[in-house]
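Naming follows writing order (A, B, C, D, E and F), and every chain is counted from residue 1.
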Amino acid sequence: MDFLSLDNRLREALREDIGRGDVTTESIVEGTTSEHTCEARIMAKEELVLAGWPVFVRVFELLGPIEVRSQAEDGKLIPAGSTLGCLRGPGHALLRGERVALNLLQRMSGVASLTREYALAIAGTRTRILDTRKTTPLWRDLEKYAVRVGGGVNHRRGLDDGILIKENHIAWAGGIRNAINACVRRSSHLQKVEIEVTNLDQLEEALQAGAEIVMLDNMNVEQVREAVRVSAGRCLLEVSGGVNLSTIRKYAETGVDFVSVGALTHSYRARDISMLFVTLG
Amino acid sequence: MDFLSLDNRLREALREDIGRGDVTTESIVEGTTSEHTCEARIMAKEELVLAGWPVFVRVFELLGPIEVRSQAEDGKLIPAGSTLGCLRGPGHALLRGERVALNLLQRMSGVASLTREYALAIAGTRTRILDTRKTTPLWRDLEKYAVRVGGGVNHRRGLDDGILIKENHIAWAGGIRNAINACVRRSSHLQKVEIEVTNLDQLEEALQAGAEIVMLDNMNVEQVREAVRVSAGRCLLEVSGGVNLSTIRKYAETGVDFVSVGALTHSYRARDISMLFVTLG
Amino acid sequence: MDFLSLDNRLREALREDIGRGDVTTESIVEGTTSEHTCEARIMAKEELVLAGWPVFVRVFELLGPIEVRSQAEDGKLIPAGSTLGCLRGPGHALLRGERVALNLLQRMSGVASLTREYALAIAGTRTRILDTRKTTPLWRDLEKYAVRVGGGVNHRRGLDDGILIKENHIAWAGGIRNAINACVRRSSHLQKVEIEVTNLDQLEEALQAGAEIVMLDNMNVEQVREAVRVSAGRCLLEVSGGVNLSTIRKYAETGVDFVSVGALTHSYRARDISMLFVTLG
Amino acid sequence: MDFLSLDNRLREALREDIGRGDVTTESIVEGTTSEHTCEARIMAKEELVLAGWPVFVRVFELLGPIEVRSQAEDGKLIPAGSTLGCLRGPGHALLRGERVALNLLQRMSGVASLTREYALAIAGTRTRILDTRKTTPLWRDLEKYAVRVGGGVNHRRGLDDGILIKENHIAWAGGIRNAINACVRRSSHLQKVEIEVTNLDQLEEALQAGAEIVMLDNMNVEQVREAVRVSAGRCLLEVSGGVNLSTIRKYAETGVDFVSVGALTHSYRARDISMLFVTLG
Amino acid sequence: MDFLSLDNRLREALREDIGRGDVTTESIVEGTTSEHTCEARIMAKEELVLAGWPVFVRVFELLGPIEVRSQAEDGKLIPAGSTLGCLRGPGHALLRGERVALNLLQRMSGVASLTREYALAIAGTRTRILDTRKTTPLWRDLEKYAVRVGGGVNHRRGLDDGILIKENHIAWAGGIRNAINACVRRSSHLQKVEIEVTNLDQLEEALQAGAEIVMLDNMNVEQVREAVRVSAGRCLLEVSGGVNLSTIRKYAETGVDFVSVGALTHSYRARDISMLFVTLG
Amino acid sequence: MDFLSLDNRLREALREDIGRGDVTTESIVEGTTSEHTCEARIMAKEELVLAGWPVFVRVFELLGPIEVRSQAEDGKLIPAGSTLGCLRGPGHALLRGERVALNLLQRMSGVASLTREYALAIAGTRTRILDTRKTTPLWRDLEKYAVRVGGGVNHRRGLDDGILIKENHIAWAGGIRNAINACVRRSSHLQKVEIEVTNLDQLEEALQAGAEIVMLDNMNVEQVREAVRVSAGRCLLEVSGGVNLSTIRKYAETGVDFVSVGALTHSYRARDISMLFVTLG
């Protein structure tokens, strides 16, 4: 977990929630922030794949001296009702950080849990689950981390760390061959060239032009099976578009290398996690 | 829409996605950023309540001179297949801003569309839908805006703009009466005092101590109905916890003032929106 | 004291004063920053209500390891000539932080001391002193804290945490009734509605429309007394405008709930505090 | 006026005041920010030396398209009741910027007006008024600008743009001679060396060691007169400490070059300026 | 040129140079910033490959309204004494931006010119010049751009956009095979795997383990020639270490794909460029 | 070393290099950042004057708990092959900080080593070496520090901490006398006035107008000698322009006070320094 870049966002998120102060707690509890030491237990209220525990703890560390008394590990499958961990620290800090920390942990565990569902759906095949760039703005690193935690593999992390020629690029370049040539000639020798195609003719053209990865866009299972047969290992193949939990296994059984699933990061459900104070200040 | 605070986050989101440059487009298209003027059409691929169009446009404005050629209005119910609007501007800018702009627009429209579903479910009652603080960190303002667009009402926007006495506060204060007294005495005279109760005895105690809003936490419909009867207009009543689309109407029919629904902002589904280039540079 | 949001401003203030370095000290004292440990005594050179001591200490903590050897408490009335506290730490850090730390402490104590004067002037009445938004930009939180320390009560902390309908809003809305109705209907159910009136007719209209707090703008004592009589507890009453130390008691004796005083934060006098080095490095 | 460094502070000040939105105006006035064009007149409610008009206007420019219809000029003496200028722009922007803009303009005009009083008090002498580093943190540049506008001269703007050897430095260096030697040897050849002395013996020692400016700390008029005689033009002389409006002329008549007055920036009174809406949207 | 990320650094660089103001110009020229329009001619005082002209212009645009009257193009070989371009704008802005703008343009042109020298030295071979990560912190994007302008090719732009297994990684992994396997298994499928080897045995082991690019570290020409023969096109080959302008051709003639040269960005010489005012305000 | 202003730039530089993560190390080494403790030795691969060691260490401190086991001192002349110091800490942190830390240390030592060469070239004369404002944007403080470490003296650190009247100012002012008068009258009494002249007539005019420092621009040795004779100690003299290592001694022997050398900071060569892991995690 890279706090170099994360801390500023966590602080900003705390400012968003705390604003000019926690008026309720300040009215109730007299004295300074550091005087009341509390202990809080964090519990999974439904089954989930835990992701984001170090981020959860970090939120509180930015607010005061926090001691982690016990903790689960990212990636574990947690049964409903289990304790994820316990934190001990100033009561004001625990109350001020609670919502932000839970908001992140619940979302990250939501991504990991959904990814696990997809991964289980294709268990036993050679296909791997890919995420997309359809992530929550400003939290892509955490969501892509949660995808890995849940058993998925990351696609591009931005426009800069992978070549992906899409429909618009092909049109601009004047065809698949031109587009691939331009990328081979001008892009970094460290990166492979991926291109999106919509039919088998385009696939063949892409392969001849030197594509190293081909994204099969919105093809049905039959087309994908044919694409696997035609490409015959000359490139990596990625299925993209229109895949869901009930259809993914059929795609995987065609032998494609990857299936990418936008829903992993754009339509997950936050998992239910609560934070209970077991000792008050 | 308040760009004073939004612009920095949008720029940061663009940096997250663009990183060190759009290597694909730069390899394909020669020349400088400003030379290729394109037009893009933004389309709803499923029915949705539009929310975030001004944010969507703003993303591109931060990248170059963009002209909005036609546009829908936030809050409208948009049928599947409709055009939301058209943008005209430098091709590089449209491609660089596309993913960030869509990621925001799809999420905001997801929140608004889900809120609309809840609002429709209780149509004809006097109850209003409230959101919670279970929002995506750093984007609370946009999500709460989308809730309003969808027909909901905003609860607290942070720990600072409303008093809400919860279980932990009551324990610290040594009871409901003490907690309410402390808040009445020490908090701003501009804010009302809300307290969370779990049964009717607590409700009565809260009313006698001067609570102006009472949150009924995880009560069933029967208990809520009794609470409405007992409180008899002496305070505003909010139902919280365990409410979903199929149960909300029963709660609303008890006559409570508000039902708060965390799912509006923590478990919405991004709506499917696409951006198609209709004219290339 | 919330260092989450304060630290950045303190660092920026230090940069403003230190610029490219403390050229005098660097020329005089050889060696690195950490080698010279000094002790400094902070003294009140006139009577004052102390406010800002934690901020004062924090400035130095941002510059090096500082030990607080003794200290007074915010809110205490300090006689002229008293020691407020002693700090021990690297000489370079003490010299670099001195001016910024004193500039803040002297101003905050100025606000608290002036507030105390107003509070004393109305001692024995039920009226409370309110501040305004006429604060020093970027330091509102510290000045409002100092008002509380001095015995005052905070009004709105921004445009967002309280409804206050003023003359321009009334004109736009087309009258008092319309304005109050709009706010009741559209603003948060957590906030009360305050409106500014200039005569008793407006007061009556405001009360009938449901105003919960009424600001009596620039009324004389006689008018205020009549307003108290007329409103008869139906709303909170705030006197605003043209009140000073010699007139405030007469206003308070009318029985109003609040008198707001802009001068608390816009025209205070910094209290004289000095920092003396008692041990050199 | 240097907006390169100022804009960020003004934006931050606006965020401090606006927070999550201007809830009153948003409730009252429907529609978007840009639809209501208003005109506001800014008036001096007491006599003042205007300072900060470009800053005042800039605050609004950061919020929307503002047109300045007429305006006074910084440095002018403005009679009570005069119009300082008129602004035209979106009503929402005018209301959102009003308090921040006035808070700055009133303070800056307070500094300039007080400086003018001091300057008038010594009119006809050769002495000039100096400010100090006792400025409001984060606004030193604006306050020092206001001092110049009021007829004063700026002392050091930070610890880095001037050598000033004070009591602690002398003690560390082991005497006046050592301290001056160290600074002459190690500091920039572009800066003069100033030293603080408390009696005539120290003055003589400083002169012999090569001091180019000497600050006479807390000396009475008689001592200062003698210092002027003794130094006989060998250095610039600055009187510091314990000077006020009623004593400054006597100091000036001794023939010293400068008198520095901390009160110019630490204990001024904000001048009364109001902003009235003359046309509503 | 991506101003989204560049503008903040340019503003910070201007603040570094301007500090609290251009005291010389402000003393000399009365009036406000915008009143004096000047024209400046920018001239190459020695032969150079121009790089950074858009950055140069951007610096001034951040300070005021600037008109570019004529301009050369990045990548052109410019003879000594030629005019690179002319700018017209407020005199104050031209003087305030001059040093920062020139500092960047001279350095970038230095990088491009040195790259050109290396590129010319191997003209006619199939080898390409690579840069390294030995760039000036905070300006890597501009220096890597200048390398491209000068005819070179960019290696990794950071630790994140390319796999490069070095000596320490090999030791940690327990050998070349383990290291390559780990990267193939865990790193992005979009990136190729490069590994550094120091002899031919390691080269063979790397090839068998699946390395796609091999860096030949500090090998002499003879060894490199043998490496080219042995690898026989099974991977890309990069020569690294100890290459200079007089030895590079011999390396290139072995047929390697790349030679990387740290000096391009860590030991270039700023080219001599001046800015002359031809019209004063 | 002032980390108050430096830390942000170091963090930004780390982000520039690390980007979204060190993908190679993460692929190779399993486990969290803190588990692998390594020791690294830093070695001078050529003779150099060390400058920047505290900055070098600071880079790593920002990434994790680092222990410095031995270290050289800034300013020392280090023979080729010597160990500069050893660091112990988490392996991931050492690998992530390595390039940024070395890039700074090599450059700063490059500046110091070159300055030392110039200083040695004029050893025994009374002349001192000055740097210029031709520094790397955003790193001026470090480069000017390195100049001091190498035995040079700093000229202005910005446009704000010294008056330097150049050709354009003279033209604007309408002559040397007017320009000097304006600066004497309007600039700070704490700063001396320097002016650039190109011949002896201008020198004489400048002296009569009260210049305290005169820069002799692009004069040959003979002219400089005459300038020293003519000025006869009435001002400080600085030679500027066209001086290099082989000509500087002749200039120094004329008796001028300063020779300024732009190359110290714009055309130095990074010194060769390596970091070797001696213990792996």
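Going forward, contacts are C-beta pairs under 8 Å (C-beta built on N, C-alpha and C of every residue); 3 or more make two chains touch, one makes a residue touch a chain.
As the structure is a computational prediction, the values presented were derived from the model and not from experiment.
Of all chains, the one whose CA centroid is most distant from that of chain F is B. Chain copies chain B and chain D are related through a rotation whose angle, from the C-alpha fit, is 120° to the nearest 5.
Rounded to a whole number, the gap between the C-alpha centres of chain A and chain C is 45 angstrom. Averaging C-alpha coordinates per chain places the centre of chain D 34 Å away from that of chain F. In chain F, the positions touching at least two other chains are 18-21, 157-158, 160-163, 188, 191. In terms of which chains touch, the assembly is arranged so that all chains touch all other chains. The residues of chain D lying in touch with chain A in their complex are 19-20.
Interface residues of chain F, counted against chain E in their complex, comprise 9, 12-13, 16-29, 36, 91, 95-96, 99-100, 102-104, 106-107, 110, 133-140, 157-166, 168-169, 171-173, 179, 182-183, 185-188, 191, 266-270, 277, 280-281.
Remark: chain F residues 153-157, 160-163, 188-192, 194, 213, 236, 257-258 touch chain D in the complex. Residues 1-2, 4-5, 141, 157-158, 161 of chain B touch chain D in their complex.
Partner chain D is touched in their complex by these residues of chain E: 11, 14-15, 18, 20-21, 33, 62-63.
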